[in-house]
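Order of writing sets the chain letters: A, B, C and D. Residues in each chain are counted from 1.
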Amino acid sequence: MQKGEADVLKVGVIGASGYTGEEIVKILAAHTGVKVTVLQAIVENEVPISKIFPHLEGKIDLVCKKPNLKKAGESADLFFLALPHTVSMSIAPGFLKEGKSVIDLSADYRLGVEEYEKWYGVKHKDTPNIKKAVYGLPELFRDKIKKAKLIANPGCYPTGAALAIIPLVKAGLADVNTIIVDAKSGATGAGRKAHISLSFSEVDENMKAYKIDEHQHKPEISMVIEKIAGKSPNVVFVPHLVPLNRGILSTVYMDLEKETNDVKINQIYKDFYKKEPFVRVMDEGGLPALRDVQYTNFCNIGTKVTGKKVIVVSCIDNLLKGAAGQAVQNMNIMCGFAEDEGL
Amino acid sequence: MQKGEADVLKVGVIGASGYTGEEIVKILAAHTGVKVTVLQAIVENEVPISKIFPHLEGKIDLVCKKPNLKKAGESADLFFLALPHTVSMSIAPGFLKEGKSVIDLSADYRLGVEEYEKWYGVKHKDTPNIKKAVYGLPELFRDKIKKAKLIANPGCYPTGAALAIIPLVKAGLADVNTIIVDAKSGATGAGRKAHISLSFSEVDENMKAYKIDEHQHKPEISMVIEKIAGKSPNVVFVPHLVPLNRGILSTVYMDLEKETNDVKINQIYKDFYKKEPFVRVMDEGGLPALRDVQYTNFCNIGTKVTGKKVIVVSCIDNLLKGAAGQAVQNMNIMCGFAEDEGL
Amino acid sequence: MQKGEADVLKVGVIGASGYTGEEIVKILAAHTGVKVTVLQAIVENEVPISKIFPHLEGKIDLVCKKPNLKKAGESADLFFLALPHTVSMSIAPGFLKEGKSVIDLSADYRLGVEEYEKWYGVKHKDTPNIKKAVYGLPELFRDKIKKAKLIANPGCYPTGAALAIIPLVKAGLADVNTIIVDAKSGATGAGRKAHISLSFSEVDENMKAYKIDEHQHKPEISMVIEKIAGKSPNVVFVPHLVPLNRGILSTVYMDLEKETNDVKINQIYKDFYKKEPFVRVMDEGGLPALRDVQYTNFCNIGTKVTGKKVIVVSCIDNLLKGAAGQAVQNMNIMCGFAEDEGL
Amino acid sequence: MQKGEADVLKVGVIGASGYTGEEIVKILAAHTGVKVTVLQAIVENEVPISKIFPHLEGKIDLVCKKPNLKKAGESADLFFLALPHTVSMSIAPGFLKEGKSVIDLSADYRLGVEEYEKWYGVKHKDTPNIKKAVYGLPELFRDKIKKAKLIANPGCYPTGAALAIIPLVKAGLADVNTIIVDAKSGATGAGRKAHISLSFSEVDENMKAYKIDEHQHKPEISMVIEKIAGKSPNVVFVPHLVPLNRGILSTVYMDLEKETNDVKINQIYKDFYKKEPFVRVMDEGGLPALRDVQYTNFCNIGTKVTGKKVIVVSCIDNLLKGAAGQAVQNMNIMCGFAEDEGL
């Protein structure tokens, strides 16, 4: 999709009241190429979005309406769906049929039908569009994203893990049957919901592993690796909840296919990402800190060789590179904006 | 109530699954004079309490049952009610009629009928017992507590505020129409519930004032002051939520009735509390930190004179001196145990 | 100072390695009207600033040099001094003599000589320039700022307090002898230093009041009030350290000169700030949360009347509206940029 | 060592002013079998320990003196050395020569001479006593601890890792060349020091991996495994700093020597620890949370099999089971107290 001469792109956000929706709106409000014309969410009262998120006051004063897809379709050309899994697939087809572009931040279009139904426990309602969807990881699929009408925006854990894994697999150096992803996420990763296990008093000063090998992001990580390795990998994925708000630090362990050293591995990563606007590889010996990527769309990466293993540490802000930021990055690519516009 | 020769007191906890209940059970499990024989709460499954709170494993393995007051009454002689406001008043009368002792941690027996109904918005269902209830602040009412059958255990904010205010009022030095309580509380003060405003992502790194002059602990603070001043005071109470788990720091401002100095005021506080096992007054010039009282039943206090005003800072652990610890302190006084047993 | 046609303003930051310096550089890097040409700080090695603050990588790659004022003066026209108190006054005169503009973020030019020497405990070395300095609170002194060559950028606590106090004093409704400022600050307020009392293990989950009536921001708050009230006020100032990174919430208590109500007071604040780009007054009944201003240059304010008192709550990000953001706002005003450029 | 009839054991703490010293003193103050007679540390002024740690007021009021080993030796029979690495080895020999018992919490007696000198970068000054030292992990070496005069109290990371690894190695099921320890520690693990990297503003909301494969606890973990496996293992150790105060969560990955399942592995762990007073193995499917062990001497463990790998998660409080608590547990074993006395 190309925006017209002199025109500003009209965009809508469906699901604007969650953490991800909030971030998308915040970015778009400062984006020079678009105009937000639709905000919808399940809200009690239809009030300006700045009443829900006071930091938006003076930046955007559009009213956040209750869901009405017909009206939405009349008012915008591209839609971000910041909706729970299993909801997007009921909504995307309508927009697509009208020729709109859709960037879906749920998991509904990321996996094949079979995997999806196995891991999400529901029947998929829009199988035709799964095949048309492009997995929105620009570092791997930029060319396809340019031409896409439907983007399956990657999950937060898969983004951090994939960016740490891809270069070594591409270089043919990773034994893809030995990949361990030990990921640590802040609390916004779980979304904006009322649940005792997410209450401050439970999360603060606490830490735990959860859903070992049962987390729905595991098949997504495997799917990305398979696309580049050409064969099904064996991934162990252990997510942890840590007491902070934003960010994921992933520590990835991979067996090397042949001996090498720190300098060479670091160079492979530097080369792979050298033109990427949002991936920074630390100098050899350096390790990233979450702080350096929070509130940004960057992924910072450090590498370390120890014996036959490579350890790669990646950091992202789960709400930006892991969700809203990457979604806007995808929009920028789709629509011909500068890739870092607004980011 | 006196515990029998050679006997161990049998106690029950109704509402054992909240933060306060958890703390009471933890303290009682290590108390040498009592045996916990009843644990009840609204739970999905009746499991050992150590399945709900794993840190209790090996310390107490009693099953936490669904509420059944008849059975409870058959098995214990003293009950802690760690229940929401408006629930206790339906439950306490039954236990009292059977001759049991009750320590109620809700607000149901703290205020007069009129004040209660005004601030809690419900009709009081057990007015006869309100008059028999003793307000369980040992530093003021120890003698009455000794003989009580029903204790209205003080609220967390009122405990911190009252201990900061009382000595100056008792000394006739406070203008009770000028009292400001600026209180900062951690998140467990709100109890164990699922609510977005209490979720980690909302509370972490955040801070806010709330319910200015509308918090139901305001009349409780006034009530305590009135009891010692003999007249109705004018209290401004501003509670704040701060991003930590346990504790309340109260900064209290009072106009002096006559000029004085730091040394004299500090001495008044030291004298007032010198025999108290759980109140420590800092040396003149010293200010308390929350850290020094967390996980203890202590209240630490610092004083400072500036012009015509006194500033008093008090720190308590809201779950201990502000709830469960004070409740056990009251039990110890009622039952003739050493006042600091288990604490 | 007016920037020339077609020109970009060349600016320098002296003291670029602290928290405040970091924020200034971050803002300036995205500012469309300036070019950062000088970065200096006491650093061990002269490396690109993005090696010190990795999040700046790709945004600015200027080397942060060791202090050399002569070289600095040759390369820029306006300087931000993000230096400790007592250091700025040795450095500003040189720049001023060369005709440069200076925005000093230390306290060196905020107070009169006598007050300064009393509260900071050192002799002032640049008394002539004190009188020329303009106190950089745009909401009060915008017109003077426009023509200033030397800005005394306000302290963080005074900014939050003053914005909460000014409208009531201006309206003639505040008894300026009754002002209490109970302020709660995050840890970055203390700057970037190694001190046990600022270590994570001491600050986390902790809270304390400190320097009651002895904090050097007390005379600064009084000075601002005196400027608008025309007489010396009596201010009680109690700062607290709370366990979060960024932000100050100030709860201000003032006696009213005459009876009024919530609606009127709220309207007075709304009217006073209605044209201000960086102050938002909540609707009557609303209270600000720190979250809504973090990472922004905004000050959010809520008001509440109770009996004869007004309570005003203000929130700012101490590093932005309380330091770097306000400094850039001042530069924008001095240099004729849009006041919110870069902010 | 057996405490005498009717006697109470006299103990001293050298290095009482750090986090570990603080915890030891706190535990000993409530221990029924000992009397603390010596407190020494590098302090500016010799004041009661409760002036340094206000929460100890009323519990112990011994003065904390400047170091004087001669005086110390005259006043106690058993010493805890809560000292930095490389200091203990200068102090322990003196006490041992006088027949005192020593529990050293530094690393000075944990490793062989060669390993020690390699990892700690200094010459060992007391090699004769290295061989006499018993590694104080009760779950492995209880019988030797009973007879020991010198205990090398384990490091915090090695305690958490070893307790997770040992049962599988003992069962002959672990390929000891495939062990990965991904450990996440709170900030008190670094001790009580002033360092910018440990300041609140740097640690809060942040996270990072550090010293990958270069941490001095790596050889200690290997040493423990070698003692039970009979051969040198290959351990990858990646420590992380997370924003909380107390606790280490270790996620350990090990390849299985033969296929098995969740039930069997969980049973192996349950059997191995069934008599241990301070290790709790979660039921199959369960995972520990840090919260459940904080402020206790417990280690909680969960197990999970996935394909050919076992994942074991362990949680400890780094200051208790990882330091002071385990030290007192060792004293209890050495001196014939109940193993959980004071804990």
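By definition in this document, contacts are C-beta pairs under 8 Å (C-beta built on N, C-alpha and C of every residue); 3 or more make two chains touch, one makes a residue touch a chain.
Predicted, not measured: the structure shown is a model, and the values here were computed from it.
By number of C-beta pairs in contact, A-D leads when A-B and A-D are compared. In terms of the distance between Cα centroids, chain A is separated most widely from B. Averaged C-alpha coordinates give centres for chain A and chain B that are 46 Å from one another.
Per-chain Cα centroids separate chain A from chain C by 37 Å. Averaged Cα coordinates give chain A a centre that lies 40 Å from the centre of chain D.
Those residues of chain C in touch with two or more other chains are numbered 202, 204-205, 243-245, 288-289, 291.
By the touch rule above, chain C contacts chain A in their complex via residues 53-55, 57-58, 204-205, 277, 280, 282, 288-289, 291-293, 295-296, 298, 300. By the touch criterion given at the top, residues 19, 187-188, 192-196, 198-205, 243-245 of chain D touch chain C in their complex.
Across the complex, chain C meets chain B through its residues 180, 182, 184, 186, 202, 204-210, 212-213, 234, 236, 238, 240, 242-247, 249, 251, 253, 287-291, 294, 302, 304, 306-307, 309, 311, 313, 315.
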